[in-house]
Amino acid sequence: MSRPAPSARSEFSIFEPIETRWADNDVYGHINNVTYYAYFDTAVNRRLAGSGLLDIEAGDMIGLVVETGCRYHAPAAFPDRLEAGVRVARIGTSSVRYEIAIFREGENEALAEGHFTHVYVDRQSRRPKPLPQRWREVLEGWG
Amino acid sequence: MSRPAPSARSEFSIFEPIETRWADNDVYGHINNVTYYAYFDTAVNRRLAGSGLLDIEAGDMIGLVVETGCRYHAPAAFPDRLEAGVRVARIGTSSVRYEIAIFREGENEALAEGHFTHVYVDRQSRRPKPLPQRWREVLEGWG
Amino acid sequence: MSRPAPSARSEFSIFEPIETRWADNDVYGHINNVTYYAYFDTAVNRRLAGSGLLDIEAGDMIGLVVETGCRYHAPAAFPDRLEAGVRVARIGTSSVRYEIAIFREGENEALAEGHFTHVYVDRQSRRPKPLPQRWREVLEGWG
Amino acid sequence: MSRPAPSARSEFSIFEPIETRWADNDVYGHINNVTYYAYFDTAVNRRLAGSGLLDIEAGDMIGLVVETGCRYHAPAAFPDRLEAGVRVARIGTSSVRYEIAIFREGENEALAEGHFTHVYVDRQSRRPKPLPQRWREVLEGWG
């Protein structure tokens, strides 16, 4: 198999710390493939909340995930300290594609990298809503 | 966005039951996107163990996940009862691509569907090993 | 340490199936201590929903957990099939103590056993509410 | 119910940071009761590894959890930043009782507090081993 090379830290300008947990390690002694997606959710939603965009509890717009993917380059294990590089790859009318790479602290090459696509919907009706201007302005800065 | 239609139940011949759990639901009241990957791992590895191929505790060959992806068509929620359709899409020298679709019991269209690629390696050295003949024979039946 | 003996299957009359998952096993190759609490939540809330008492999505009464505990007698591992014995030990004005024991299918002695106490509150105000008569009647049957 | 008051920060001298994750919140919008036990495992094992005592991957002594408990005083939610206060309450021949309280950053009263008891065993035989002198010395400093 010819596989794309791991992304470098320089391809990201926004970083969120990721603390590993005991249960992130599976029976093979490394962080389970599923757990990286939990890191993706956490890094992006924490940043969205911290930027004043997402109000998880009460906002009338929420993000539903419609597509995800991840490639795994090298193992990591609890209690490693990790960081998530986050960037926005595409902003549609109601959707945003986030790309995330996971680095071990102090390392340049991604251990794993992937993406997810959010469609923003009304919390009650669950129908897509156009992304507010304020969101566009902030997310363009994550490019 | 033009998105591929959900897979139908008839595209799979092997099914594994999936019981949802309380914590599968996230704050938005439906099963979190990450959880579907836990279903994938569970369905395939349980089937591999039940077929006498994978010995999770002591076998000298283990499967490392190198790539995963999932598309989400419709929500589900605990305590729904689900089923995972499993098929093998490609068998390489040391790797296997599994495709999995998640159905609600009694429904024909997949709620979510995805894949993961296992590379089989030696448990100690973590270097790829050619897939044993016995594995090939069984996995060809999952096509 | 002198420790109480494991409960027997005969001490329970209500059982819920528990399917183990890949990630339930931790790095030591057995189901992690934390996971048993996920089984407790799942068994009790599924039974409450299935009995027509708990409406997770829309009911105006929800159960908040105020105290939990568990003792671990013997290990289990994915892909073991388990069962949760459930009983109600005490019904207060607004609270219920549930006791749960986890058995391997076909075994008589509990692998682990514990409890949790729910206080039932109004979903909006999060203030305790007296348990409705219908709940009392059903839960008395779980004694 | 008369319930013991929450512990204060001053009752602990060792603290470990705890980052909440998206999936820590359950459908009721707060951190699920089960998740606090994941914090306990993480805080204690990270500290044990960081102190040079526990070698998760290769050490011949591992800690098995035989008993756990937790009381919940007040809710928290992702993306709150938390801290775990850790202390050792009892050191036996082969066992240690750890007590852990979870605080929101900057707050004095515990949101939740609990304990777990580790029995230290040989990784292969899973039989109890006397706690090494080096462990005793370090853990006495956690009192």
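Every chain is named by a letter (A, B, C and D) in the order it is written, and numbering of its residues begins at 1.
Throughout what follows, contacts are C-beta pairs under 8 Å (C-beta built on N, C-alpha and C of every residue); 3 or more make two chains touch, one makes a residue touch a chain.
The model shown is predicted, which means the values in this text are computed figures rather than measured ones.
Chain centres computed from CA atoms place C at the largest separation from chain A. Between A-D and A-C, more C-beta contact pairs are found at A-D. Distance between chain A and chain D, defined via averaged C-alpha coordinates, is recorded as 28 Å. In this assembly, the C-alpha centroid of chain A lies 33 Å from the C-alpha centroid of chain C.
Among all residues of chain A, those that touch two or more other chains are 22-23, 25, 27, 29, 32, 34, 38, 41, 56-57. Contacts from chain A toward chain B in the complex involve residues 1, 3, 27-28, 32-34, 37-38, 41, 56-57, 62, 64-72, 92, 95, 114, 116, 123. Here chain A touches chain C in the complex through residues 22-23, 25-27, 29, 32, 34, going by the rule given at the top.
Looking at the complex, you find that chain D touches chain A at residues 17-23, 25, 29, 38, 41-42, 45-46, 49-50, 56-57, 77-79.
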